[in-house]
Structures are given as C-alpha cells and as structure tokens.
Amino acid sequence: MSFFFEVLIGGLLSGVLYALVALGFVLIYKASGVFNFAQGAMVFFAALTFVGFQQVLPGWTGLEAGGRAVFWLAFVLALASMVVLGILTEKVVLRPLVNQPHITLFMATIGLTFLVEGIAQAIWGANVHGLDLGIADEPIEWVMDSADIIVSKFDVFAATLAGVLVASLALFFQYTKVGRALRAVADDHQAALSIGIPLQHIWAIVWAVAGFVALVAGLIWGARSGVQFALTFTALKALPVLILGGFTSVPGAIVGGLIIGASEKLAEVYVGPMVGGGIEGWFPYVLALGFLLVRPEGLFGERHIDRV
Amino acid sequence: QEQFIGLPSYRVGPFGSNGASLYGGWIDYMMMVNERDGGVNGVKLSWEECETEYNNARGVECYERLKNKGPTGNSTFQPLSTGITYSVLEKVAQDKIPMVTIGYGRTDAADGRVFPWVFPMISTYWTQASAIVNYIGQKEGGMAKLKGKKIGLLYHDSAYGKESHAIMDKLAEKHGFELTKVAVANPGNEQQAQWLQIRQLKPDYVVLWGWGVMNATALRTAAKTGYPREKVVGVWWSGSEEDTIPAGDAAKGYTAAGFNVAGTNYPVVQDIQKLVYAKNKGNMEDKSRVGSVLYNRGVVHGIITVEAIRKAQEKFGKGKPMTGEQMRWGFENLHIDNKRLAELGAAGFMPDLNITCADHEGAGKLKFQQWDGAKWTVVTDWIEGDRQLVRGMIEESAMAYAKEKGITPRDCTKEM
Amino acid sequence: MLYREAGQFKASYQEDQQIFPIRQDRIGFAAILVFFFGVVPLVANQYWLQAILIPVLIFSLAAIGLNILTGYAGQLSLGSAAFMAVGAFGAYNFMLRIDGMPFLVGIVLGGLCAAAVGVAFGLPSLRIKGFYLAVATLAAQFFIVWALVKFPWFSNHASSGVITAQRVEILGYAFDSPVSKYLLTLAVVAVLALLAKNLVRSTTGRSWMAVRDMDVAAEVIGIRPMHAKLTAFAVSSFYCGVAGALYAYTYLGTVEPEGFSLDLSFKILFMIIIGGVGSIMGSFFGAAFIVLMPIFLNVVMHSVFGGAMPAGMGSNLELIIFGGLIIFFLIVEPHGLARLWQLGKEKLRLWPFPH
Amino acid sequence: MMMNDMPQQAAGQAGGRRIGDVILDLQGISLSFGGVKALTNISFDVREHEIRSIIGPNGAGKSSMLNVMNGVYHPQEGKILFRGEQRQKMEPHMAAKQGIARTFQNIALFKGMSVLDNIMTGRNLKMRCNLFHHALFWGAAQREEIEHRRKVEEVIDFLEIQSIRKTPVGRLPYGLQKRVELGRALAADPSLLLLDEPMAGMNVEEKQDMCRFILDVNDQFGTTIVLIEHDMGVVMDISDRVVVLDYGKKIGDGPPDEVKNNPDVIAAYLGTAH
Amino acid sequence: MTINAATADATSRPAPYLSINNVEVIYDHVILVLKGVSLEVPQGSIVALLGANGAGKSTTLKSISNLLRAERGDVTKGSIEFKGARVDQMTPNELVKRGVIQVMEGRHCFGHLTIEENLLTGAYTRSISRAELKDNLEKVYHYFPRLKTRRTSQAGYTSGGEQQMCAIGRALMAKPEMILLDEPSMGLAPQIVEEIFEIVKDLNSKERVSFLLAEQNTMVALRYADFGYIMENGRIVMEGAAKDLATNEDVKEFYLGLSGEGRKSFREVKHYRRRKRWLS
C-alpha cells in the first residue's frame, strides 16, 4: 500500500511540474488565441540563458562563481532576455499577423521555435550543463522514516512554487483590467482593436509573462535533468495536461497536471508491465482523450460557442 | 592529392552536443594528421560536414550529397546513428562505399560474409551487453555468483534499446540471474515511475541502456529514489560527460562501459592540443571538452579511418587517394595491434583491433569508467564479451538476412 | 499579355468543370508533366533523384493526405507520421506474408490499413474540435509507434524492430535503379494527386469543406458531419499510408517505427501550412520547400562560410534562417505559397495594369 | 419564369396560391438554457404554402424557435408534428432530408468556398454517387455533377448572382451573402423554408428584391415559408399569418392586420412609432 | 449630379473636424475598393453614409479607425485628418484615446466574456476610478435595460439584438467624442432601432458626440442625420443636407422605396428593378 502512495505522490508532484510548463501555453492561448508551439523552446532558451550567464558572470564581474549574487544576477539577466524575446516576438511575428487564422499563428510560432532554438545555441553553445538550485532532489527524511514513502524535497519546493504562480495568474486573469483585456483579445482581435485595446502592449506583456513562466519551468526542469536541448520536449508533457485541463484555464493546468501526473505513473507501474512498459508516452494522451469525449473543452476550458 | 571523407554530423537537435563532441574529436585528429604528417603518405585529408540532425531522411540526403565529392568520392560513411545506418545499408553496397559504425548500427553486420560493406567495429551492442554482464560478474567475484542475482535493464523504448533484449535474455538464462526489463518512453525526461518500480524490485544492478536526456534523468531519479549509483552500469552511449554533467552530484559513483577512455594524457590527444589547439585551430568550441569520452571516441573514429587509408595505400599505391572500394579493403584488413597503438600514441586508449573478412567487429573489449563528480576514471582493464555466444547469434541473424535478401555469403577462405 | 483568358468561353458545364479552365494553365501543366516524366529522368543525377525528388514526391503525397484532412475537412491532425508508419508496416506485412502479392496491391492494402486505423482514431473528432483534436491525435502518433515497436510481429521479429523492404517488382520488372524508383513514385503520386483533386472538387470535397467552414450549417443542409469527417480521416490516412509505404519501398528501403516520429508529423504539417492549407498544388510547394530549404541552407552555408565559422554555428544559423523564412513567408502570405502563386497569376492577368 | 422544370412541386401552379393543411404543428414547446428560459409553452402551426412570420423583440426567442423546428435545439417539453408525424429527437440533417431548409441570422455560409460551391452543397442530399465515383470523376459522377449544376445555375439565374458565381463568398458584401445563403437553401428544393432575418442589413431596394424572391418561391413552387424579420413593412406586407413572441412567450398570433392592432404587441414590440 | 445643397450655409459650417481626402483603399494588394473618397464630419454633427451593399461604407469607416490593416487592406492614397492632425498612421488605440471609436458591423462581441465584462473592456483606454466606472456602466444600462438583465451571460449566448446593444454600449464606455457607427440598426427590433437613434441624438445633443454612421435603413438615418453622403462602387456619388436628400427623387425611389404616390407595398413590387447607376 505504501508503494501505491509513493507512486501516487510522486506522480502528483511531477504532475505539478507539467502544469508549470502548461501554464505558459495557457497564458498565451488565453490572451491571443495562439497555440504557442515555441513554449518548449522558450523553456530551453530561458534555462540555457540563465546557466550561460551564471558561467560568464564571474569572469565579467569578478563575483564568486556559484554564489548567491551570481545566481540572482543571472536570474535577472535571464528574465530580461525573456522579456526582450517577448517584445521582439510581438513586434516581428505577431503584429504583422493580427487577425489571421489560428493555424497561421500556430505555424508562425513553429518558425519561432526554430529561431529560438538556433539563437539559444548559437549564443551559448550546444553543450549540456548541470543546474543546481541549492535544493537537493532527495527524499524528505522524516516522511521516509515514518511512512517509508519517498517524497522529494525538490518536488515539494517546485510544487509550491507552481501553486503560487498558478494562483496569482488565475486571480490576475479573472479580476484585473488587463486580465479582462487579454481574454477579450483572445476572442476577437479586431473587436479588441476597435475599442482601443493596444494589442501590441498586451501581447508584449503576455509573452514576457510567459517568458517568466518559461524561465521558472526551465530552472526547475533544468535542475531535474540538466540544461540541454531535451528541455524543449517538456512541452510534450504539457500537452495532455492542457487538453485535459482546458486550454483556457489557469487552474485547469494545475488540476490537469495532477491528474495526468498521477495516472500516468500509476499506469506505468501497474499496467505497464502487462503490455511491455513504456506506455507513459501515449497513456496521458489516451487518458486525456477519454476525458475529452465526455467534456470536449477539457475539464475547465471555456465551452466553444457554436450558435446559429 | 586529397583523400575525401564525408562527415554526416549533427550539431543541432536533441543529440547535438553528443555529435559536436564526437565529430569534433574526429576532425581534430584529421587536422592533426595533416599538420604533423602532412596527411597520409602525402595525401592530405579533406572532409566536409553535412548536418543530419540525427534524422534518417536527412541522413540519406547527406549520404547522396557527399557520395561523389572529392577526387575519389566519399571514402567512408559513418553517420553515428543506427537509424541512418539502416537507411543506407543497401545503398553503400551499391555505391561501394564502406560504412563503419563504431559501437552502434546493425549488430549482425559484424558477419562480413553477408555484409561486406558494413563494419560495426570494435564492439557491437550484443558484445557490449555480454561484457557488461561479465563486468558485473567480475565485481561480484565470479560469474557463478550471478546466479539468483537480480539485474534491472532500464532501456530506451526504441529499436536501439530493444537491441539489448535478445542477448540479455540469453545471458540471464546462461548465468541464472533474474532480468527485469523496464522501458522508458522517449525522450525519457520523466522516470519517476520506472525508478519507483526499481526501488520496489531492489535489483542488485541496473543496466542503463539510454541515449540523450534519458541518461541524466535516470541518474537524477536514481538519486531521488535512493538507488546507489555505484550499482548503475551504463552502456557506452550512456557514459559520457554529456550524461553526467547535467546530472550533477547524482552521477557520482556511476560506472559506464566504453570502448575508449576519457582523458587528455594520451600522446595522441596531447598531439592534438599541441599541433591544433595551440595554433588556435581546433574544431571544439569549448576546449575544456577536449578529452571527454565522446571527443576521444571521435579520435578513435579518426584513428581507424586514417589507419584504413594507410592500409589501403599499402596495397593500392602509396600517396594516392583511395576509392571507396579500396578503402573497404583497407578496413577489412585493418590490424591495429598494441604496438601500433603505442606508435599512434593511443596505448590503452582503445582496444587493439583485428578485422577480418568474416569478422567485422574485431575487438569486442570494453573498459569501465567511473564518474567521480568531475571526471571519468578507468576502473577496469579491458573486459571481453562472450564472443562465442554473440558470434553464434550474429551468424544466425546474418544468415536469415542473407536468405531473405537472396545474398550468397562470401567465402572468406577465398579472399585475399 | 500572354496570360489572358479573354476569348476563351465555356460552352458546357463540363468544360467549366475542368481542373484548369484556362488554356495557358493546361499547357503549362502538360509541360510540367512532360518535364517530370520525360526530361528529369534523362538529366537528373542520382543525388537529385534519390535524395531530393523521391522524398519531395513522397512528402507531397503525405501532405496531400493531411491537406485533405486539415485543409479541406478542417480537422487538425498531428498524427500523419504514424499513419505513414501503418502504411509502411502494413504493406511490408502483406508482401511478407502473402506469397506473390503484387507490389501495387501491397501498397494499396497498406494504405487501406492506415485508412482503417485513421477512422478509428478519427472517431473522437465527432466531439472534439480544433487544437483539442490536434492534441488528441497525438495519442494516435504515440500509440501507433509504440505498438509497432512493442509487438515484434509487425517487424517480423527483427531484433531491432527495423524492417527491410522487399524488392519492388511489377510484372517481373524490378525497380532497382534510382530512375525507375523515381518514375514509379512519380506515377503513383501523380495518379493519387489527380484522384485527390477530383475528390475535393466533387460533392465529397464540398461536404468536407462545408463541415470545415461551419459544421452546424452543414448539418442543417443535410450533410452528415460524422460521415464527412470519417471519410476525410479515411482518405487522408490512406494517402499518408501509401506515402509511408513508398517511403519504405522506394525511398529508404529500411525503416524503423521511430523514424515515423512526431517530428515527421510536424514536418508534414509545416508543408501544408507553408504550401497552402486547402490546396492540392500547395502540398507540392510545401513539400518542396520544407525538404529543400534546409538542404539549400546547408549547402549555401558551406560554400559561403566554408571553414571560416565555428562548426556548430553553421547548423544553428541554418535553424535561425529556416525559422525566419517560415515567419517571413507567413507574413507575406498567410495562406501559403499556393495563394502567392495564385495572386501572382492574378497580377499577370492584369499586367501591365496595376488593378 | 425559370426553374419551371422542378418536378416535385406540383402544387401552386400558375401562380394560384392556396393555403393548404397544417404542415408543421408545434405544441407546448418549452426550451431553456441553464437558467435562461428561451421559450415557454409555445404552440402554433404552419400551413402548407403560407408565409408565416415570427416577430418579437430582440432576445424573444425567435431564432431559438427556428432552431427547434429543424432540430438544432431540442426542446425540453412539447411536441412537434411534421406532416402529421410526431418527431422524436431529430438531428438537423434528418430535418433537411424531410425537406426543411433554412438560412441563418448570422450568415452561415461556407467562407472558404465559392458561391457556386456553396449553392452546390445545397443539393448534397440529392447526390447519389459515392467517394469512389468522385475520385474518378468519370461517367456517373460527372453526369450527376452536371445535372445538379444545371439546377444550381437555375437558382443562380433566379437570384441574379451570375456574375459572382466563382467568387469566394468571404469577399462578398453582406447583402449578396444573404442572397447566396437563400440560394443554398433553395437549391435543396425545400418544402419548408425557414428564413432568419433575410433582409437585415439591406436597403429598401434590396429588400424589395428579396421580397420578390421570397414571394416568387412561394408562388411558383408553393414552398412554405417561415420568416423572421424586423422590418414591419415587409412582414405586414407579405405574410399570411404572424406569430408574436415576447421573452419566450407567445403574445399574439393571426393575420397581419389583427396582429398590428393587438395592444400587447404594440406595447411589447411595435412601439408607437409605427 | 451632386446636389450642392450645402452651399448656402457653407460659410457657417464649422471647420472640418474629421475630414477624409481622396482616400483609396486596396485589399490584398489587388482588390481596389475605395476609389478616392472624400468626406467631412463637422464637430457635433451626425453624418450618414448611405449606399448599397458593397459600396464601401464599412471600408471607409475602417480606414478612419485604422482597422484595415488587420484585414490586409491598405490606404494607398489620400489623407485622413481629425481635429487638424493627420491620423492615418495612428494605431486604433491612439485613436480611441483621441476620442474616435468604431462600432463594427456584425457586432463582434467578445463571446466568452460576460455582457458586463464586455462593457468594462470598453473603458480600457481610460484610467478612471472604480466609482466612475460603475457610474458609466449604469449609464449604459440605463440606455439598454435589456443588457442589465443579461449582464452575467456570456455574450456569445445572447441574441443578435442583445449583442448589437452590447457592442454599442461597449463603445460608449470609452466616452468617445466621435463614434463611427456601422449599421447600428441591423437586426434590431423597430422599437430598439428608434431607441438607438434616440440615444445617438441624445449623445449628440447633450454630450456633443459626433457621429459618422453607415446605414442601410436610409429612412431612419436621414431622419436623424444632419448631413448625408451616398456611396456607390467605392465613390461618393451624392452629398447634401439630410432633409434635401430625403426629398430627392432618386433617393426616394432607390433608397426609401417611395415612388410617386408614397410607399408601395412589398407585395406589389412585381418586377426586379434596375437601379440607376450614377457612375461606373
């Protein structure tokens, strides 16, 4: 029984990490109706930029390598880079494509993916890096001792962070003027323009915030599996979470993440061995598909309005 | 006079860093040979890279593009991807370009009678598996001790990972250990479930058969679930700096197989530093990676290629560029004994090699290295695989292929 | 002034229904056919045939398949590569297990397997829409590849899961040389493209488009969305399946399930978006663009910078330029190269006047 | 005029309009969405060959009523009898099969298709060829295509939209789109035609044209028409009977003149200005 | 053919407030839609822009509010001035801040937002206190009581007319000086049409909001407008004071449906009439 809980808890915690990546998608989708394929690349870019600065800063400034000062300075610089990336994206990619079909914008973000991946590696090189956030990815001892269940300190930390992020973004969308404007833009670009919502600013803001979320996700995932190109694949983990939770719902990302995380782990452990394992790759999608058949807009997504 | 070598490399994509190190080492070695010796008997080495992104279709395109470059066409094709290997398997025979797949590719191609144009050199995946089991046996104090032990096989759920199944099953049967296979879905950046299963199972050893991000994640998750890294044994594609550095402290104590070793204190690597990097010429953007496992593996590629050219020139005319067909002969008659290795400045760097018409593998020996948190240290001498067992399986499989394709195997007694 | 339709009148509906109602277009098209069937085999070298033309043709076919589903029926899918895999492995097994199976029948059967699988995975489309469906089709992508790896029967118990395509023979003639493989591929693709064009301009195509543009309205005028969507899935998967079989038989020769990865699915999606969603001709443009552009960049990079640039930089620059070009083309013409082509013709028609 | 070779409409020849039996009978229809009651216990009928108008303030439930008639919405309560047969749960395409066609308040044309193709979809139900015929586009499929094309061209002539045949509908001005939508509905040879504000956004001249089309359809083919329209001039002039809805309830029903003078209707809808 | 009815009081007319000079618009680089349109809206007036479907009314309005670019349209010639300053290069946001707002044809509400949220987004460009916002909201509800009862519904689920009211209400929330109103009466019940025009009149006289309205309902439009332009095929073909236009014979026949002996029943119009074309 304790094994079951171990798997369950481990699953829930990794689910939160999926949610963190999913959140970036939700933000942009909600604010512009764009399915941002480049989110994974942004996670990679953010983490690589952070690590890159971490490595070069001591040389530039004489600060102690691996110290706190370097960490925060690198964080600020990486964040600034993400903001710049967001603003540039708006200027170069989105602005000329206002009011175009979603699939076109989707494709543009695919182009963006190549661009971002190329730029990241051209600047910082293709080497893989370790990333240490100072919180060990180890079992919490007292839980281990008392219940013989592994609960990682790091995962708990990451989950808390994700929870805070999700809660604040959810509030932001629902109750602020900018949040409302974001949702308006997603519904109808042109109408939003017509009442004077400055799409440019809005988009720059959202992409910057999504960049921030990508940075957080990048740091956490980077600390888990190293900073390397494969960070772009984190996006794949976020997709079933998204459809399960609903593209447009911030809380949906968290709930979806929890469900996907827990169930895929349980499935891999209990069902996997019967069919030869490795089912984690598709199980989340099939599960999400099952949910969708009951609720086609995801658990918390906005219903598609289809009226004649 | 130039000898052209086409390099289907990859420097972007999920395995870009691996490709960059390996092809870097290879190119640096060739530069060094050009600098130091003025090429091979006066024939300068020239090369061109073609980006494959580790993608089969692009690999084929590169193959075709490079095929006719240089005065004698491409002299060897080494794509560093099993997928691409398969995709050009038949083409190389038609175009008469020898394909050398060092430590990857199609295992049964080691049977040179059926696959004259393919050289899975040094060691195949099957030999590797048995060498790993031998290593574990050695650690336990004798193969007999393996009986009743539990070994977990954590493999990348793909053709590459599944390559281990048949042989591991055989070995489990032979040595009486209990084998549990645990699949990791591509790309492998989440392994919570697998390691909890392993934790439940409490195997004595876990063999890590991964590639790319899967490796670092495995080590991280092993640490997280409290599985000792000393008990994790990686294959050679899981045992490079690209795998351990991202894993950070979690990689400490981890051992992995290798048919070459890491380090810069081999004369051959030092020559490269002296003759290439000192002149600001090297291929590596990050010089600190010179001497890394994959870099040195690239040097091995260089050594083998250059020695084959040398060998071919001995037969077909010194100081002339070799054609693919001539190169094939060179590869097939490649004997790099320990003496030659010492001359090359690579004693202990790679195993001695003896390719024959029938045996395109030629060495079948591995060393094991352990990661101490900052670098790899060699912990064993060369350990041989169970070549007899493996050879039997290879021949069986190769004959089946020959039958399917209507190939009459060469009679090796008639060669030479 | 050459490109005018003035003076060309259609006397019957039949004439009006031609694929190319304008005479100049018909002539142009005939010239293209002659060029590809007659001239190319004579002049193209093996590199062009094997590494460029054959894959472009095969990808065009896959792109037509996806275009039918996404461009015409409006169902976004990210599983095309998996359907290609089904086609490849299906054809392989039919030829392996049934003695004397003719090649063309084999690939059609492979295509039909893909169609059947496509319909199964298309069922959710009756309820799920847009990006939700797109992500749901990923289930097909991952599941199919997983199943092909997992069950050794599909690859005839090859230890690595890799299949080696049998020799291609039609009526005793062996298609071994690049030229013959090219011609075979071209013929299959040309015929299927024609059939696809016919489909999309017929009632079937109209009901697909109706469902795409507004499914409620379509239903109100008596089109059954279920029927339309499932036939779209079937036809689309069939095309992808045949493309997959050709991929195995006339292009690579040996394929492994992972070769049909998500990456490939995306690539096919890029093709239709760059080429033009909802255009058969666009599928060809798109395939050519996506296949040729990276190669072109790679070659240019090498000849321009040669050794002057750090090795990794070249590859990264390629990525950057490729990404940039995609964005650039979308901004210039969001409806793809096919639309650009059309606008070009429209301008030509008006030329030398601006409007 | 044209289209006189449309076979199945025997009635209404020579322009003689005669109102027939009840074709559609709605009894006690109630429909609500979550908390919103769109229709409450509404009953009325539509007779063969008549022009039956539905009027009412915005949000009264007129469009919902139309949606109920052709199966887009399923009322929670009430019975629907079409040609005397009670309908069970009915999907829109089944309604279409029974001969009910309609246009929409917010134009629901297929934006990516040309005018011709849009109208051709209207004949979808009459097509017999299958996928394989279509792929070959030879023989049967081509013959069928041409035969239906002929019908569609008649509709195009009738609505005078010959010049825009090949234009993508998305580019057309609003009024023409409405006309195309009518064409698509007409192409199905409907026996019951539901029109949801076909004249919104038109100027008087265009409205006159549209009225003419509607009257002609009604006259020549005897098509029964249910019409929603806010232009009282039009409604009062061309309808046979008018139903008035107000926030989901029926507040009036009868010939135009009677409805016009109904005080409830005046208060709720017409106001004093008219 | 232009009726220069305005000559008499030309001198007394206030200086141009909004003026469009010889504007040409091309869609998609090839489709020429406006062929040199010039018109003026004096401050504090209501100007009607009339014309058949496809004449280019909406395009004209969009070229003023700069929404064309989002439809791949471009102003290729001419200039647009508002209060003496060129505005053709401004973003819609800047224009709204300057007080020019467009209510687009076909409603365009934000479907997933509630009616109230829709209205609130209208005030996006203004930085005002919560109380003032509430006040404004009440004012809109006062004009459109129906909206108040539907305030918590998602706009996508409201009826056509309700959406129209929502769109107009949303624009009012920006407290504009000049509203470009595109077919406000479309799909509205007659009573509401009157109400909306009353509201227009009200805003015009009480708050001195100027209006440029594109309308098909010529009858009502001319009743409320001060001045009118008639467009055909991308050109202005006639202009004049509203009351003069209303009595012009051609306008009466083609736009008001009145011929000699007053309004003709729609049933009586027996033949399709060919409109008299002024140009092209």
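Should a chain be cited, it is by its letter among A, B, C, D and E, assigned in written order, with residues numbered from 1 in that chain.
Definition applied: a contact is a pair of C-beta atoms (placed from the backbone, for glycine too) under 8 Å apart; a residue touches a chain by one contact, two chains touch by 3 or more.
Labels paired with UniProt names: A = ABC transporter permease protein; C = Branched-chain amino acid transport permease; D, E = ABC transporter ATP-binding protein.
These numbers come from a predicted model, not from an experiment.
The minimal number of chain-to-chain contact steps leading from subunit A to subunit C is 1. In this assembly, the chain whose C-alpha centre lies farthest from subunit A is D. Compared on C-beta pairs in contact, B-C and C-E come out with B-C as the pair having more.
Chain centres here are Cα averages; for subunit B and subunit E they lie 74 Å apart. Between the CA-based centres of subunit D and subunit E the separation comes to 30 Å, rounded to the whole angstrom.
One finds 41 Å separating the Cα centroids of subunit C and subunit D.
For this pair, subunit A with subunit D, the centres built from the Cα atoms lie 49 Å apart.
In subunit C, the positions touching at least two other chains are 142, 146, 149, 216-217, 220, 312, 316, 318-319.
With touch defined as above, residues shared between interfaces to two or more other chains in subunit A number as follows: 117-118, 121, 125-126, 236, 276, 278-279, 281-282, 307-308. Touching of two or more other chains is recorded for residues 11-12, 16, 20, 157, 185-186, 285 of subunit B.
Residue ranges on subunit A touching subunit B, taken from their complex, read 3, 6-7, 10-11, 14, 117-118, 121, 125-132, 137-139, 150, 152, 154, 221, 224-234, 236-237, 264-265, 268-269, 272, 276-282.
Those residues of subunit B that touch subunit C in the complex are listed here as 9-12, 16, 20, 23-24, 27, 48-51, 55-58, 60-61, 63-65, 67-68, 82-83, 86-87, 89-91, 106-107, 157-160, 162-163, 165-166, 185-186, 283, 285, 397, 401, 404-405.
The touching residues of subunit C, counted against subunit D in their complex, run 12-14, 17, 195-196, 198-199, 201-207, 209-210, 212-214, 216-224, 231, 235, 278. Of all residues in subunit C, those touching subunit E in their complex are 343, 346-347, 350, 355. Subunit E meets subunit A in the complex at residues 65, 67, 69-71, 91-93, 95-97, 101-104, 108-113, 117-118, 120-122, 124-125, 154, 156-157, 167, 170-171, 174.
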